[in-house]
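Report on the following structure.
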């Protein structure tokens, strides 16, 4: 924890009373711990973004181009013409307030501009001023205001205090999606070189090396080899992971964190055990070595530029279809954008499970299947030999990641898997799961340490729900299917609910899989000793937990 | 302050309408010319508004999914919350438009000691919104009795259901009371809930006050001051048959009512009230979530600069070789 | 935004008051105020209307239904063929049914089976009035008539359950098809309301005696002011032995019978 | 765009619905009309015509209250005295319910429940005749 | 507002049941429309028997509504923790029953258009006015209590403190609704059948037997059809309540019989005679009344023997028997018996017509719908907490 991070008691002293001054007259204050640092000039240059320079949001002078206002208004006009969603969402909000207390940042900070309605008004007021007659004529009376540098700073602050999680959109009677507005708001800021490094650097890395972390081919290979060795050590089984094998049936793409960060890594072990268990003819790629897509957090164009690698590599390798790993925003891009942006993928075949013969008809155009869909199908057909008691030391709950739940609807598949491979599973309170799930507080490129206080505030609702099941049911692990979750939930839980770990679904699958020729396992994939059968019998009433 | 301004604005409009009925030369303007203008602005405005929205394409299919997707056949899909087919999407839209499905989900959080966040249901907004919109629809349809001759049986039937309870003469029409009551609730929550007050703009209060003025003048006219409804009907029929007449016996309050309606008509398409047609175009609601099954085409999709495999292999050639990974070239 | 609630409420109040006042100023409500409401000048009045039925006189005309016909015609009472759904304001009943407690196992030849004229007793303490949840039936302060307001009756039939004399009838369906000759000067009733004799209060207002009293060829029905010691009814009560129906119930009927 | 057709259809439907009165009346050839009410027999009404046109129901409700519940049968207005009776006083001047009351009420789709009980002299024989045929059945 | 979102998701069986209820409601509603058009002539009511099936159902259901106090009182006043899971079921039963009561009054009205007159012209000397006040008050009390406690349960927090006095108020209020309903009848001078001071206590005794019987049956049904198990203990305790209430009820009836027949006053005797042996050959209710008597005796035997009372299957049968017996007693005999013979000695029999029965079933279906929906919501809330 950074030194500036407030203590828990202080952090949860949240004042929900709005300030005395009207929101238009309340300028933003860049307080340490609540904003992200600017993007480094070298990254902007590499990606060919405008206005690369050295600056920080807390600076008085942001070193904007002379004609920044014209640039932004022109870009805004362009987006109004290109996106019906944007124009419509600018026009039809009635400010009913249904979204107001649905945002995790509002709940965690009490800052009224974190109410989605007001966050949208930040840009809506400018829209009215320059693009509607009423706004031009009546100004503030019509809810319009000039685009000043203060407004621009406000945009930056609050569009980077939105994780594009879409929870507000669920409750909006018109389906207004703040994520859509934030995305376009960030695009506009990009036009004048206002962006954050934690989104731009991974994008630059990914563009160059193929993954956010900037892992180069040999590093990728080492990492995979290391995993294979470790698996052999734990299970006594040597799995095979073909890299860039032409003619494989399936190309498997996962978020890069899976092979370079913890606790993602145990999920990776789980995938490999699974593929070996069913004898899947698959390959992974060092070129398309990233499932995630930080371009989504920058602009539609950047998203497309990064996403391009998936189909390109699938085509080059001549696979039949693509399997995607556990990652949230990756799936937002794959599910909602990839086919439109870089499709049609007519060089691939409609995905069909070689093990069960199930045709994934719902993915017949994009030709990409979520690993949870794939595994659930395997379990349903009884193709996996499982010993769920190997997960008995885990008391699991499931965190629906924003994107798979609200941009896809992947709710039952992971639960089905979990309930099969684990004996102890408990849901968090119903207003915090499924389509109403709360964000980890660090999505959409905000998961950086300088922003820790805001991340903790944003993650407060999620952590609080975990705390509830931790105290009520003794839950000791929070499972999820998102790489950003796996990276950012551990510090969040450490702060709010010490003693609860974070894991991926396929880590539990890997634990439970009874492999052919394996030796008796003493530990699970992360090295935690297993509860022995006899011991488990005695402890049945109360599963062991931290 | 916005609410005071809005109230003053509506009062001024009402006064203007009243004056329109008193001054001889103005009666024709307020009784015929302006209503035509109002109707024209309403219809033209809505067409313009919708056309403008429609002129921007929907580049991506960005459905907000609020239930289980359609994936494997043995997993029960939430057909109305996460539609896959156009028919299911139509069902979802029906729920949204007729029953305010999304608002029905509304909840309210509380931060309790512990700290503990708890979420309770909050349906009053939904209830008030339903009460207001449905009453408004019924009131609107009931008013057709002034515009149609002979009055169709269904209008009369609607009126008799609305006035089922026999209280005095003319009978009390419930929607006429529910409507202003719901509006008052909506106004009250804007005034007395701090965070809603904070986000409220002049336009929010103005719309509520205008509707309250409209409903209030109607209620006053029906139950208290009374008006010559035959004259009202002559005026109404005159307007819709393009042979406007402004009978002399119309009361001042009627002119207030008529003028507020005229203002509402003209204001409607150019304000947040345009959410009425807007909801139908909302891309997060009116599209099926079948992205992976049916490709959505973006009309302005353009080629972008990418990092091709060849460029990548060239850049990392030595490292690929060192790692023993296969190369495309030689 | 600072919201001054007081000023808001003040303004709203003014606006509403203004709108109403505006209506008044517009000459919309003027007119009704200078009306003065008066009772009819030639009306028959009493402090306590009552009736004496001399069944001896009545008996002279066996089978006479003049009073019943007069009443039912005057009041648009339907003639419903189904006896169990009848509407009756005034009717004849056997003595032993009208006065069940007077009946013994050794019947009096003269009384047993005698047709006795029955109508609403206009009780001094009417149970029907006590139970009515809407004051659709009430006892007039001025003259003791138990009145009915058919505009207000909700048809709950509580009064029927309360009346120990069976004097009240309910309109099970629309009565109009069963009214042989509809009079325009008196309303019919609609389905779903209770009705009964009102001592012809509308005729009294015109200065006429009740229809039944007027129609009786034997003058067997005597109608008058029970509060006036010199009235004909009081004279009869002084001089004749009279009975009330079910006196033990304490309702104090204002209709008396000479047997 | 693929949804243009749907949007046009929606707009057309909306306009068709909103302008329903227009084509309904056009189809039926309706024009604004001056209602021809039967001329009253008497010279002047209890109250001024303009007032009565708007407030006759209030007057009737007040009369009802006075007659039924307060036992007042007469009203004195402007020096003249009237019996408060719908069928005897009002309908004495306005001889025809059909050509006076109903004409307006039908035009404006007003269905007063007065006539559930009260019978106009004009209609009394009709109601009676209907009763007789019902009787014969 | 009652978390209705929980009621719109359910299994196929749930929806079939709901659909079935709607069908019954629909048929009832169509018949009611006809009654609106034609008047109460479509019923079997007549000059002498002016109240029948509708008002009888109303009377019976007031008892069911009042019986909620039998779980509320022990739980809140005596802290019987075993009732913690069933108390809210009792409150929802009360809500459903009171709603049915109001609907039965409504469908019995000759001029439903004028129902507001009861409020527009409040008449304190009319017991019916007080019945309106007490019933609507009871409905509001139970709705508030159930909503507040259930939503607190859902949030996992303690209910607010202000609800305690409201709950305490609901206890005497429950007694009041049935007392006032008894006053409706026993304040009438000419109706000797009802002219008995023991009517209100008798009503309450029968209510406290019939209501908890129904609640026991609901608990058993929920155990069979859903995951929810109220537990053995609350059912046993409820069974004890039913036992005592039934004993007291039969005792009260016997007291009536003694008073009427020992005093020998004909006006009082005739009604009993009509019900149990028939008068002048009019005896259509005789088989019903004897059925009720036999069922009551059978129920007493089954209830009093502890071994049988504790046997779930036997108890279920017993509860059905208690319910039927009391339904006949109150839902048929009590009202019709009061009207025959009439004050003029006329004996006119009454039998409900088909449309009348359809409307009655329709109202019962509304009640069933309400209880289904509320039980569904309760169970869903608890399931998500489990």
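Letters A, B, C, D and E name the chains as they come in the text, with residue numbers starting at 1 for each one.
In the analysis below, contacts are C-beta pairs under 8 Å (C-beta built on N, C-alpha and C of every residue); 3 or more make two chains touch, one makes a residue touch a chain.
Note that the structure is predicted; figures quoted are calculated from it, not measured.
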Study note, to complete from the structure: Per CA centroids, the chain at the heart of the structure shown is B
Review point. Does C-D or B-E have the larger number of C-beta pairs in contact?
Key: C-D
Review point. Centre-to-centre on C-alpha atoms, which chain is most distant from chain A?
Key: C
**Study point:** Length of the line joining the C-alpha centres of chain A and chain D, rounded to whole Å
**Key:** 68
Study note, to complete from the structure: Between chain B and chain D, the Cα-mean centres are separated in Å by 36
Exercise for review: Starting from the mean Cα coordinates of chain B and chain C, work out the distance between those two points in Å.
Suggested key: 56
Practice item. State, to the nearest whole Å, the distance from the C-alpha centre of chain A to the C-alpha centre of chain C. Key: 82
**Study point:** Of all residues in chain A, the ones touching two or more other chains
**Key:** 22, 429, 468
Revision key, fill the gap. Where chain D touches two or more other chains at once, the residues are 54-55, 58, 113
Review point. Going by the touch rule set out above, which residues of chain E reach two or more other chains?
Key: 111, 113-115, 120, 156
Review point. In their complex, what parts of chain A are in touch with chain B?
Key: 12, 14, 16-18, 22-23, 48, 80-88, 91-98, 100-102, 107, 112, 115, 117-118, 121, 133-134, 141-143, 166, 169-177, 180, 207-210, 216-218, 220-222, 243-246, 286-287, 300-301, 304-305, 308-309, 312-313, 316, 334-337, 339-341, 343-344, 358, 360-366, 368, 373, 376-377, 380, 405-413, 416, 429, 431-432, 434-436, 460-461, 464-465, 467-468
Check your understanding: Given the complex with chain D, which residues does chain C contribute to the contact?
Key -> 28, 30-32, 34-41, 43, 76, 140, 142, 147, 149-151, 176-185, 187-190, 201, 205
Check your understanding: Of all residues in chain E, which touch chain C in the complex?
Key -> 38-41, 43, 45-48, 50-51, 105, 108-112, 114-115, 117-118, 120-121, 123, 125-129, 132, 184-185, 187-191, 267, 338-339, 342-346, 348
Revision key, fill the gap. Note: in the complex, chain D contacts chain B through residues 1-4, 7, 10-11, 14-15, 18-22, 24-26, 28, 30-35, 50, 53-55, 57-58, 60-61, 104, 106-114
Check your understanding: Which positions of chain D touch chain C when the two form their complex?
Key -> 47-48, 51, 54-55, 58-59, 62, 64, 66, 68-78, 81, 83-85, 87-88, 91, 113, 116-121, 123-125, 127-128, 130-132, 134-135
